[in-house]
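Presented sequentially are two complexes of chain A, the first with chain B as partner and the second with chain C.
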Partner chain A sequence: MAEKRKVRVLLADDEAHVRLFVKAVVGSMGCQVVAEAADGKQALELFDKTQPDLVLLDINMPVMDGITALTELRRRSKKVAIVMLTSLASADVVEQCLAAGANYHLRKDLPLNELKQEIKDTWLAHMQDLRSGT
Partner chain B sequence: MIKYDLAKMLEEIRRDESGGKGTDQPKKVMTQEEIRALARNRRRKPAGDKPPEAK
Partner chain C sequence: MGPPGNGPHENTSALDAELRGIHWIAGISVVVVVLATGAGTLWLSDRILARQIAETAEDAQRDAKAIAGIVDRTFQELASIPQVLSSNRDLHVIMDRYNALEQGFSRLPDEQRNRRLKNDPQVVRFSQRLTQIRNKLNYDLIYALDSRGVRVVSSDWDHEASLLGTRLDDREYFKEAMTGAEGHQFAVSRTTKVPVFFFSSPIEKETGVAGVVVVRQDIDVVGSLLAGGRHATLIVDSQGMVVATSRREYGLRHVGPMAAARPDADTLRTVYAQERLRPVPIERPARPLHEAEWNLNGHPYLVSKVRLHVSDYHLLFLSPLERSEAVKPLHYLIGALAALLVVLIALQLDRGASNIARRNHHARVTASLNEKLTAADKEKNRFLGIVAHDLRNPLSSMRGLSQMMIEAPLEPEQQREFLDTIYRTSDEMLGLVNDLLDVAVIESGRLALNRTDHDLVKMIQRRIRHLEPHARSKQIAVSVDAPDGQRASIDGPRFNQVVDNLVSNAIKFSPPGSVVRVALQSHDGSFNFSVQDQGPGIPESERKLLYRSFQKLSARPTGGEKSTGLGLAIVKRIVDAHGGRIDVESGPTGGTRFAVTVPLAQGGS
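Up next, the complex of A and B:
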């Protein structure tokens, strides 16, 4: 019987305390943070190295912003789930991210239980999409 | 001595950057519920979908 594999997560946020928090959140959900990036460029490099299942991507980052990184990540992989993280969910940015291939968009100010549920729901929906081939 | 009205200059710059439409319209900030609804809508109708071409 195949052993259940942990969901491998790449976390990209320029703020170390946010990375620490999100890492603890996804860790408590049984996921494994395989890499942490402080900007978009680093996220792309680490994506190539680690091939994660899920990328949690901040939008406002130095060197390369999250939307540019999102576009490049989606060009490299159709299978990876990408969730954008934002402090202020401006409607035009949310729509831009979803149009560029983000699976979902999460506000960082969500209560912990909601944050977990949203990540879980996004992952399950992504798996369903992959199975149905959409 | 030339006096500059910095507030007025700033307003003009903002107007120019927004294509002359002014900047008084606040950007809409979405709640998580609104984002969820938008994402669900997109899942049902993927971005790549195009309406059938008229013959």
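Up next, the complex of A and C:
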């Protein structure tokens, strides 16, 4: 995927350390973080501005939470891949996210290599879906 | 997570009130029932006694009638003697002869009449016959009077003072018999001073009443017939005087309240030979159980009254009642046992009702405790969830960042950024862990204050100096308005936390370029420490959540600072422990003022 152009990523999390870490992770995978948001509202604004390929979205955020932002993003774009970042996700919350159109959910506390693998797998599955037109 | 509170104590006092109510009802019931039992016992005892007395009264009435029958027969026998003698021919001859003498004889002096009569062989012969009858039938005296009342024959004719020839025409029994009727009279004998009965009968002839036959009998002869011993029998005449009795001490005394009449002084002297009226000690009892109950000499008696055949005489039969009174203590004992039984039943019921009340109370207390425990458990789970989230997130970031640094060499600038983040994040975590430990200590009730004297102004200024870099980074000015030298007895490190939290909160939520005003005042033995910011303010709806652990509200730190949601919870508990209070004012247009009021010294407020 890196041959053509870098995957453009929007990162939304209210915690600076999470943003720094995830940014470094996706950066090391050859993706480009084009925007960072500290809440859901900011994420929507930056999405409109940057039109990213992948959104990494935290659930617990001030001003506008991740699930509200997810619903709103899905309304604007069917093509974008959205991965929810969770820490203590209950089955209910995961269910709710998938129903609202999230591609996947990621636990922020996964070991580094697993985290990378999960992001990669999710992206490839998303590309497959887009090509097969589903 | 708080302690169970003082609910159970309030419930205990409610239980006490309920138990007091039950004891009152039981107590009043016991008093009422015991009083009722007492009154019932007295009433029932009286009824039982009254019935016994009524039975005794019937027996007594029977006895009285039997005795009256004997007395009647005795009187009839006495009355029959003159009746029988009045038809004696020899007596008629004597009467005719002396009546014929008319005035001449009756006007002679007594001694001459006595001599003439003693010399009359017919008189002597008849008198001797009377003596024989008297001796045989045991009478006191038998004699006969002529139509002018002169005693012409007598059973004691040969005595020194035989009184043969005396005139007795003034005697009632004589006058009565001269009218042709049977006569009788009670009198104290003028000669012997012995109370006696006289029974007279007219000697009737075609020409009229020729004379009167009289038998005189000693009262004691009648009295000896009367029942004695424990009983008392009285024969009472129309004047209410006792003429015969089984108890000699009552002889010639008046029966007082039982009599319809009483003799006048003259009659008392002439007939009864009494100087004054001496009543028998008889009176109505205070609470008679029977109409025939009287007290004699202070002892209860049943008095049966029987009319005798001799006109105007009554027989009073007094039977003692002591035995009936003796059962009263037994009745009272039974009544007391019944009352005791009632008391025991009441105690048992009281205990039963109290136990039920206690059980219900304990069930309520258990339910309420259970509710509190469930709530506490929920709070604990919420707490754990938040802690896990707030600790795990930064830890996983730190682990990830350091792992990346280990795995691949980084640009110096990026390495610095990573290290800086790791340092700040671990510092924030340390703050969170410290706050958590504080909350744990405070909420477990182990917050022991170490109060010492402090210069408040110096203390506040020292804390603000530590916070100034933070304020400066946001271009926020912190102003302090405090009088110099204000001192108070407080726990220094704990109160530092109060100042730190309130001032740093104000800086955290203030827009850049604004002013945070810190003020200190004192009045009425308390000091007031307040922090005013120009932040967004706190909506009314969020104010009651202010002091709850991990309660992050809608306002966000303006400089991206971290907030644990524990600061105000800790402040509130420290202020509470100092015996003070915390107030918040916040206008709708923004700006919040927290004010802490704390007594200057322990127990000073």
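Heads up, the rule we're going with is that the second predicted complex is superposed on the first by the 131 of 134 C-alpha atoms of A that agree within 3 Å, B and C clash if a C-alpha of one lies under 4 Å from a C-alpha of the other, contacts with A are read in each partner's own complex, and residues count from 1 in each chain.
Going forward, a contact is a pair of C-beta atoms (placed from the backbone, for glycine too) under 8 Å apart; a residue touches a chain by one contact, two chains touch by 3 or more.
Predicted, not measured: the structure shown is a model, and the values here were computed from it.
Undergrad: Check whether A:Glu95 is in contact with chain B, with chain C, with both or with neither, and answer first, second, both or neither.
TA: The answer is first: A:Glu95 touches chain B but not chain C.
Undergrad: Per the contact definition in the header, classify A:Glu15: touching chain B only (first), chain C only (second), both, or neither.
TA: second
Undergrad: Does the superposition put A:Asp129 against chain B (first), chain C (second), both, or neither?
TA: So A:Asp129 only meets chain B here.
Undergrad: One more residue to check, A:Ala24. First (chain B), second (chain C), both or neither?
TA: second
Undergrad: Would you mind listing the overlap between the chain B footprint and the chain C footprint on chain A?
TA: The answer is residues 88, 110 of chain A.
Undergrad: List the residues on chain C that touch chain A in their complex, please.
TA: 385, 388-389, 392-398, 400-401, 403-404, 407-408, 414, 417-418, 421-422, 424-425, 556, 560
Undergrad: Provide the residue numbers of chain A that touch chain C in the complex, in ascending order.
TA: Residue positions touching the partner: 15-18, 20-21, 24-25, 28, 38, 60, 62-63, 87-88, 108-112, 115.
Undergrad: Mind pulling up the chain A residues that touch chain B in the complex?
TA: 88-92, 94-95, 98-99, 101, 103-107, 110, 114, 118, 125, 129, 134
Undergrad: In their shared complex, at which residues does chain B touch chain A?
TA: 27-32, 34-36, 38-39, 42-43, 46-47
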